[in-house]
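See the structures that follow.
Okay, so chain A shows up in both of these, paired with chain B first and chain C after.
So, the complex of A and B:
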């Protein structure tokens, strides 16, 4: 009854009904009615809350649930061939792309990466997991929050991990991992893969580079000649005696 | 903006960013695994001519090559940078952008570095090995600081040809086959009969080449347009070197003057540079505009035919404001270098120059070149024992360290080629000193 009064009061004016208006209208009446109005206003507010998006309710209820556990949220990332990886959000923050998706709230139902295969994603995830523990000093907040003190053995472990990760990769996998780390914006892994490729280029002749990386020689004949002279000059090792 | 539209934009963005587009091709081409799952983005999969590496996004290729270039800064491992530049056109473009010329980096990387000015702060240290039996000279970049260690990267070679009226030194990039008709020929030094005046010719035109060029076909070196090896390549006068006796005659050290026609005197001023006529002078290939602008060849008589002309005439002509270049737009005064006068050491009874340890054997051939400040030609005033204060930086230093071994240190604004040619003139001149 009182709510109808409230609405009537609101509709009798031109302006939109705000809770204040309701209350203002109600305050001009008797105290009892005022109290009723207040109660009704509160209940209408509750109704409005219920009408909000399910997602917020879901997330707040999920948040409530998770508060009951420890402070741990996970994100599920799926490769283009259906492999699923579940990792802590703190770990996933190592990928700037995933971090943005989480911040925008679009990672809650999981993320599918249409151009990263399971094999590559596994490598990327293992990198993220290992480096998360290292880069945040075990504080649990993930990338970018804090940098703990590292002992020398931890530094060595990190270097060894990185080296072992890329050591066994063949050219195609290395390229895919480089591309994936660029796509997922994992800075450290991108640096690592670029450096590895640069190392692989050293000591190779031009022809060997072309063969190893399957690149075609696309020089027109006139430039070809000059290129060849350039190389023979660079390789010239005239003996000094 | 509603929440939904933000989400839609982000999702669309992730799917269509051009820099990620290539991975579509990668994923589609991976043998086996993921092929079945990328039907909807298969539009590009059939288009690849080269492999996935060739279609690496430019910024990733750049990152890889940048790392390589930074870590291979000295020879011989710097050859890896040259090897990468030769792989294909996109790699070459990236290398071109990343490698700085010697003036900025102090490093010699590609052959074109040999014709670019050296660094401004510290000189590039080289050495020259002479072989009297074959009349050849080889220029090397020093790879170790010790003077007598023969550890170097080959840069240029020269061969002496004695003719009836003059002597010529052919300069090439080939260590073994030193010949004018080779495609590695890059210039020459020619002396007059007496060995007192020399002219340096470059196959590559300098910035003001219209007044200095010699009739001939378009140059082959460093240009994309190829000419048959049988055609003579063109020659541009880029410098003149003259030796004179001291006023003390043969009892004093001889005097050297170098007129660098290809370098304006303003290059040594604050903020000055050595202009070049190539649009991308720090690139690997100078895609020069010469082919069009070089058809008008004005043969500057007095600067080439110097057999009979007095040196002072040449200097006057070359020192700008001369009659030759009326049609040139503001032809700048060329840089003139002269040798630093040694001091007589009374106790040691010899002429001394401070070579800072880079020259260890006394020889009349040893010299240090500095900029001569006064523009007019002619000899310095004889009455002054010490030269007036000038630009004190030693631009070129040359001297003997062993029987057939000489060091050569050069810096901005000279290039390795010019420095080498000037040093060769010192071998040939007959003016001795008692």
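So, the complex of A and C:
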């Protein structure tokens, strides 16, 4: 309300400036209004402070655990094999899933993730903790699959932390972490893991990709040739592999 | 072509247990040529996902007024942002302007409507052509309308035109208005049988107006012409390429 009054004062001041007559009267009136609103704001601020000290005094008499929760506000997240992790709310907000659960008030007794193991959750939590200040949390909605369009500037330099995080992961852990970041809707971690997997795909022939990821070829040879024809319209040279 | 080895592998490889969205997200980091092409040949599912329209660029007016990645307001912006091998989906309806747009990388342009008539690229009077192709490209399901100049100017590469409608001035001045102009020249291919010659392939396309359907100003020739007269219009199939001596 205070800001609205200030805005009103500012606009009335501006209006007064544009009109030439009654300028002096208007400006003095505006000044008086401004003083009044400043006084009102100061008094309401003082009132709020007063209320807060009362509340803090009251809460200190309650159980210590509850008081901690109110002031620090953490979330307890449990993996499917029973490992527990405690995070500040601000840290947990990096995961859109957790953010929504906290906003809906269903995260008060902790959250159990049925498909994320302790090892993976540890990695995710360390990512969230590191990035709590750097990511803006995104739109909190969708990280749309950018329709295949990635400008070079978007492949931003990964922080050393990100690089080290994924460097030592074996393929299975990396894919699990990808699935977990998709499930928990952690945009930055999802992009990091997808980019890492994409790096593993770059420059490989089809057969090499199959070998790296243990995928069975389900194309009979004639069909494979057909598909190759169909999608290779853009290639300058027909022969690949 | 590599022979398919007797590869025995777990039927559910870990990467295939990711959901479609995740896999498409991974593919979106790959450039279409050659990486996404290679992934498309891995297995049926990967082919479906790597070629999925969700990975295409789109030319349309965003609904919420919020800029989405991969959605562009006009065709020129989409073409300059696209990577070689990308596909651009042009939304049906609306007013798409295409004047002297040069395409120097392999792209595929597709109209977003059911019929080619629903997606119209208009080339205004002052321009020579709507689209100028200097690379192997493919266009499908589009209507290209040139008020004065030509619809498509083919300079080099292989151009495929499928299921389109090319409209020109009804009574044009001869030297100005052709639906298709090809100035490509044949060059001796280094290896026998390698199909990297320039050429033009037209299929199931209606051509209306213009002095004649295609003008070849280079050394290529019109061949394999087939036309079907339907009740309202004429559908053409033809090729412009190197004349093969039989």
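To be clear about the criterion, the second predicted complex is superposed on the first by the 129 of 241 C-alpha atoms of A that agree within 3 Å, B and C clash if a C-alpha of one lies under 4 Å from a C-alpha of the other, contacts with A are read in each partner's own complex, and residues count from 1 in each chain.
Basically, a residue touches a chain if its C-beta (ideal position, glycine included) is under 8 Å from a C-beta of that chain, and two chains touch if they have at least 3 such contacts.
Because the structure is predicted, anything quoted here is derived from the model rather than measured.
Asks: Thinking of the overlay built on chain A, is A:209 touched by chain B (first), by chain C (second), by both, or by neither?
Replies: both
Asks: After lining up the shared chain so the two structures overlap, which partner does A:101 touch, if you call chain B first and chain C second: first, second, both or neither?
Replies: The first partner, chain B, only.
Asks: State which residues of chain A lie in both footprints, the one left by chain B and the one left by chain C.
Replies: 171-172, 175-176, 178-179, 182, 190, 194-195, 197-198, 201-206, 209-210, 213-219, 221, 225, 227-228, 231-238, 240
Asks: Inside the complex, what are the residues of chain A that reach chain C?
Replies: 144-151, 171-172, 175-176, 178-179, 182, 190-191, 194-195, 197-198, 201-207, 209-211, 213-219, 221, 224-225, 227-228, 231-238, 240-241
Asks: So in the complex, which bits of chain C are touching chain A?
Replies: 1-2, 4-5, 7-11, 13-19, 21-22, 24-30, 32-35, 37-44, 46-47, 51, 54-58, 68-71, 81-82, 84-86, 106-108, 136-138, 158, 160, 194-196
Asks: Mind listing the chain A positions that touch chain B in their complex?
Replies: On the chain A side, the touching residues are 79-82, 97, 100-101, 104, 106, 114-119, 171-172, 175-176, 178-180, 182-183, 190, 194-195, 197-198, 201-206, 209-210, 213-219, 221-223, 225-238, 240.
Asks: Which part of chain B faces chain A closely enough to touch in the complex?
Replies: Residue positions touching the partner: 6-7, 10-11, 14-15, 19-20, 22-24, 26-27, 30-31, 33-34, 36-38, 41, 49-54, 56-57, 60, 63-65, 67-68, 71-72, 76-80, 82-89, 91-92, 110-111, 129, 138, 140, 150-152, 154, 157, 173-176, 183-184, 222, 224-226, 284-285.
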